[in-house]
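The structure's right below; bear with me while I get my questions together.
Chain lettering (A, B, C and D) follows the sequence in which the chains are written, and residue indices restart at 1 in each chain.
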Amino acid sequence: MKVIQVGIVGGTGYTGVELLRLLVNHPQAQVKIITSRAENGVRVDQLYPSLRGFLDLQFSEPDVDALASCDVVFFATPHGVAQAMMPELISRGVRVIDLSADFRIRDQQVWEQWYGQQHGCPELVSSAVYGLPEVNRAQIKDAQLVACPGCYPTATQLGFIPLLESGLVDPTNLIANAASGASGAGRQGKIDNLMSEVSDSFKAYAADGHRHLPEIEQGLNDVLAADDEPVQLTFVPHLLPIIRGIHATLYADLKGSVADLQQVFEARYADEPFVDVLPAGVHPQTRTVKSVNTCRISVFQPQQRGKVVVLSVIDNLTKGASGQAVQNMNIMFGFEETAGLNQVAILP
Amino acid sequence: MKVIQVGIVGGTGYTGVELLRLLVNHPQAQVKIITSRAENGVRVDQLYPSLRGFLDLQFSEPDVDALASCDVVFFATPHGVAQAMMPELISRGVRVIDLSADFRIRDQQVWEQWYGQQHGCPELVSSAVYGLPEVNRAQIKDAQLVACPGCYPTATQLGFIPLLESGLVDPTNLIANAASGASGAGRQGKIDNLMSEVSDSFKAYAADGHRHLPEIEQGLNDVLAADDEPVQLTFVPHLLPIIRGIHATLYADLKGSVADLQQVFEARYADEPFVDVLPAGVHPQTRTVKSVNTCRISVFQPQQRGKVVVLSVIDNLTKGASGQAVQNMNIMFGFEETAGLNQVAILP
Amino acid sequence: MKVIQVGIVGGTGYTGVELLRLLVNHPQAQVKIITSRAENGVRVDQLYPSLRGFLDLQFSEPDVDALASCDVVFFATPHGVAQAMMPELISRGVRVIDLSADFRIRDQQVWEQWYGQQHGCPELVSSAVYGLPEVNRAQIKDAQLVACPGCYPTATQLGFIPLLESGLVDPTNLIANAASGASGAGRQGKIDNLMSEVSDSFKAYAADGHRHLPEIEQGLNDVLAADDEPVQLTFVPHLLPIIRGIHATLYADLKGSVADLQQVFEARYADEPFVDVLPAGVHPQTRTVKSVNTCRISVFQPQQRGKVVVLSVIDNLTKGASGQAVQNMNIMFGFEETAGLNQVAILP
Amino acid sequence: MKVIQVGIVGGTGYTGVELLRLLVNHPQAQVKIITSRAENGVRVDQLYPSLRGFLDLQFSEPDVDALASCDVVFFATPHGVAQAMMPELISRGVRVIDLSADFRIRDQQVWEQWYGQQHGCPELVSSAVYGLPEVNRAQIKDAQLVACPGCYPTATQLGFIPLLESGLVDPTNLIANAASGASGAGRQGKIDNLMSEVSDSFKAYAADGHRHLPEIEQGLNDVLAADDEPVQLTFVPHLLPIIRGIHATLYADLKGSVADLQQVFEARYADEPFVDVLPAGVHPQTRTVKSVNTCRISVFQPQQRGKVVVLSVIDNLTKGASGQAVQNMNIMFGFEETAGLNQVAILP
């Protein structure tokens, strides 16, 4: 059985430790390098005691030569960081899975506007494949550079795709009312993310514009039925007093009466290993996907009034980041797509 | 200073103890009777140690004669209970504030359909005043029977009212994406409400129809601008892993361009003691209204695309139930409207 | 590779679903039967959506013949239930792992006093092996009936054992100040366990006597150094507003000066796959053992005053119940002791 | 009715906003100045929206002349800050209530050892009165400088005092196993205090020595019965995944048999407005003191074995900090001791 060598750039954040959790038990991957400037020389299991006994490795300074010796390199860095090292790694033939937003958006100008900085290597953007396997599986297989989708975009696109692909709803009046657990804000010492600020409360944020909006609209436009007008999405994110989980409540206007929405969703995802359409009438809960790579989806048509409501949940660190990254790796290297991801959610 | 005698029917639930918290420090009200069949003879502060030192009273069996000796009787009972005792109390001249849903909906058939039971005294429904002071202050003043609004309906109506009254939005395409803390489900020993089921998770529920839908639609229809078509609302409630708080995220389509939505909201609520329109760009948080009777509201127009987003938060037990009930009492008896309610939210 | 057939009696509670989570991915066990009178005929993954795709089974009425056809039967029932079916199963040669307290205490009178009922089959008590592998591994291997330890007893005993075995502390003045997550109270619709009652609060309970006291004292007495007097333990449990996790803070008086307590603990557990002695000075956190079978332990001697403090954490549903049960199964059937249990804790 | 002018130095932290919550509704105090270098010029209710409508004030640079014009100045600053401004304020006759640890410990060397810095004005230490009203009420009345006790010290001392004053227990073997909500760590952007780090977990910290140890031992030594040996306390603090609340579980060895421990506690605190001894057998919960200045206490003697267990709960921001500071202010200025503090805890 083939075993590949893995490098991780920027391993101290929550997506980094989640990658490690999944990779140390992956049958065909071995973590060889994990970099962190700030924690250089520190044992990984000192920062993350959950890994004691599973990983005998220290954080190291990022080094292109060392990374280039890996079969695949994951970037679990803040936005803007991957761009600097990317050209060199790509030119040396390494395959890269980038969990940041650096290569997700094809329109450089849009990217620069929403992320407030110049793009560091725009020449690579067009070659990057957007790593949503449920849409781009074939291209991911052969990609050298995969841009892993954001957490909100994953939950939202998986919920809207069956409706848009089949041309059932009006793309110009979509709403995504979504909520994320606190780990989505990352492992940074900010007052806004303190237990005493977040716990036992709930709020919307960025109601006038969140960076994930252009990414979602781009992804939805890619799957539009012929003759449909471009997507217009209203996207309002909220902060949940939980650690992990994204819940997206999606609203769209049906163009006409639909025989069986449940069947549309079940058919679309029948062969997908990580999308679970729940039985009619059942509501998904974020806890049923905690720590696993599954997206659970339900669809409702309240009072048969022409509005469709889709409920979509994922774990923001797994299907919303590191799990999906491993799924992409599995596809890229011809492994079983579920390898290392076949776990049961922790419940309760 | 006038002091009135207060009776409470059904005082063991969360709205009951919240009423007590507010009334024991109210300068012009004295709790004389608090009934509970199950806890008859038990000291109230044994069930609720937070009241030790504030209330020297035991739960007693409900007794119409005793209740009729009060100036005002609050019903903090499950739906269907208030109807039995109501005619007798009303005929004896007692003023009643009902926190249940029994008298909120004017259309008896609609009520019976959504609550799954026959109405016990339909003859009193038409005389009941819907206790939302921001709309019905004048009628509340003289009402004998006030039907206190539900928690979701309060947050939702206060958010939509400025838009609908002024005819700025299309009433036939409203969305209320709302979330409630666990105390909204009451103090009942159900598995679905256990710490281990609710905590660290999030879910929608009743996506295909919740009892508060007809109540909200009725209230919104009452404030429509002339010539507007009846309201069609899509309402999806969610369960938050917090104890107290409602957050409503409301969506509507603007009919045309609006000069200054912020100004519309500020003007509408300028004289309201319990509605606080936040400065432009600020998002409300449920924790800033925890334990107080205030509704905090923000309004956004994302990307200037013709969709308006209103964010509205209340404490479901205070402005969403017992606080609003006391506010109604203050209005009915000519007290300062903020008497007993002038507290600062606990933060953090 | 040998695969055994597994039956589970009483599978609707939290220890039941935790057993299923571990067993559906166990390489050498197959769940054949799972009983529940209340949920007879209901698909297991309808009650626990986290199991969708992993288990194609319905709850069934308990049936001795069917259970007797299994290689091993787990009892995940409330106390008192296992006793009824036990003699029949034992006589038919089935091996049994009982997660309830029914066979943990050797002194029948003590059991009946603390559990408030008569014992249903006292004749089997003496043949039961107390399933704490770190003490009884050899006897577990050959046992037909294993009584799996309670959650508090596991965390507490693992913390005290190195000190008592080596005779370093006075057994007559031990204190266990322990705290458990809410899942320890089980999946029962009781008001005391509601989100609104438990969340954002903390309390001690049963300070004047908890059922786990005699179990812990029995276990500690079993490992006393020669000539030591019997254990006297003060045990105060507390309820944590978390779902999973036990934290035990243990206090004992050193008999004399000790060269290196850290070394005592590391040596004692050097070969134990599921006990992790942390580096000196590091405090264990319950989250680092969430969902795994590991006990993490630290030892301190504050101000070198002769008092030793041991900190011991487990997941109450895993090492404190179902994980330990699977560990026992692995030992009984000669499997790798870590089979099916080799997971990384979910963090964050 | 006399109204005094109040200044607050360092008002952006959690004890600052808690002081404001209590003072804006205090009948005899008016907040005139609130300083913050970082937030100079910012409206206070912009940082703390809970205060909207209650306080029309901006943060200002600390200015001794302005502060000297107040009747009383509260320091809600980190340790080490109050010392710089104190001599000037004291010399100008202002009365000062210091919530930091700067003047709590009489032994300068001990203070400097535990706080890792030189003391800035040791000459004022001896004149400071330790502001625990239940012990020092008379001295507080006339004090110019009151050093308000820490949160752990308040809960712990109130629990041990009845036992030590009456000489019932051995002072050389005391244990305080205490747990604090996350707000105790203050409003600082540290990774260790993030929602994703603290929530759904539990841990001990500083098991080998916490700064509150010498403060507690000093306070307990002050109340020892004659002939008793000095206190030796083992103190282990823990971090609770809640926002507010301290729970102290205290252990001591009874010297002999005691007729009625319950009576000892009830008698000691019979006249105290903010200490509530619960009925025998009832366990205190932190939620019953959330947001109020009350300490609730229970006492147990498990299995009548000679060990006494005291359970003591407070809100760390109220009786553990700002509430106690206001209580001290009331005593110093001859107000009703409960003025501004007579609230009911928020429950649920």
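Following the convention adopted for this analysis, a residue touches a chain if its C-beta (ideal position, glycine included) is under 8 Å from a C-beta of that chain, and two chains touch if they have at least 3 such contacts.
Only a predicted model underlies this, so the values are computations on that prediction, with no experimental measurement involved.
Engineer: Which of the two pairs, B-D or C-D, is linked by more C-beta contacts?
Structural biologist: C-D
Engineer: Which chain's mean C-alpha position is the greatest distance from subunit A's?
Structural biologist: D
Engineer: Once you find the CA centre of subunit C and the CA centre of subunit D, what distance in Å lies between them?
Structural biologist: 39
Engineer: In whole angstrom, what separates the CA-based centres of subunit B and subunit D?
Structural biologist: One centre to the other, that is 37 Å.
Engineer: Among the residues of subunit B, which are close enough to touch at least two other chains?
Structural biologist: Answer for subunit B, listing residues that touch two or more other chains: 14, 183, 187, 196-197, 199-200, 241-243, 284-285, 287, 290, 348.
Engineer: Per the contact definition, I'd like the list of subunit D residues that touch subunit C in the complex.
Structural biologist: Residues 173, 175, 177, 179, 196-197, 200-205, 207-209, 213, 232, 234-236, 238, 240-243, 245, 247, 249, 251, 253, 281, 283-287, 290, 298, 300-303, 305, 307, 309, 311, 313, 348.
Engineer: Along subunit B, where are the residues that touch subunit D in the complex?
Structural biologist: 14, 17, 20-21, 24-25, 48-54, 183, 187, 199-200, 243-244, 276, 278, 282, 284-285, 287-288, 290-292, 296, 317, 342-348
Engineer: Which of the residues in subunit A end up touching subunit D in this complex?
Structural biologist: On the subunit A side, the touching residues are 14, 181-183, 185, 187-191, 193-200, 241-243.
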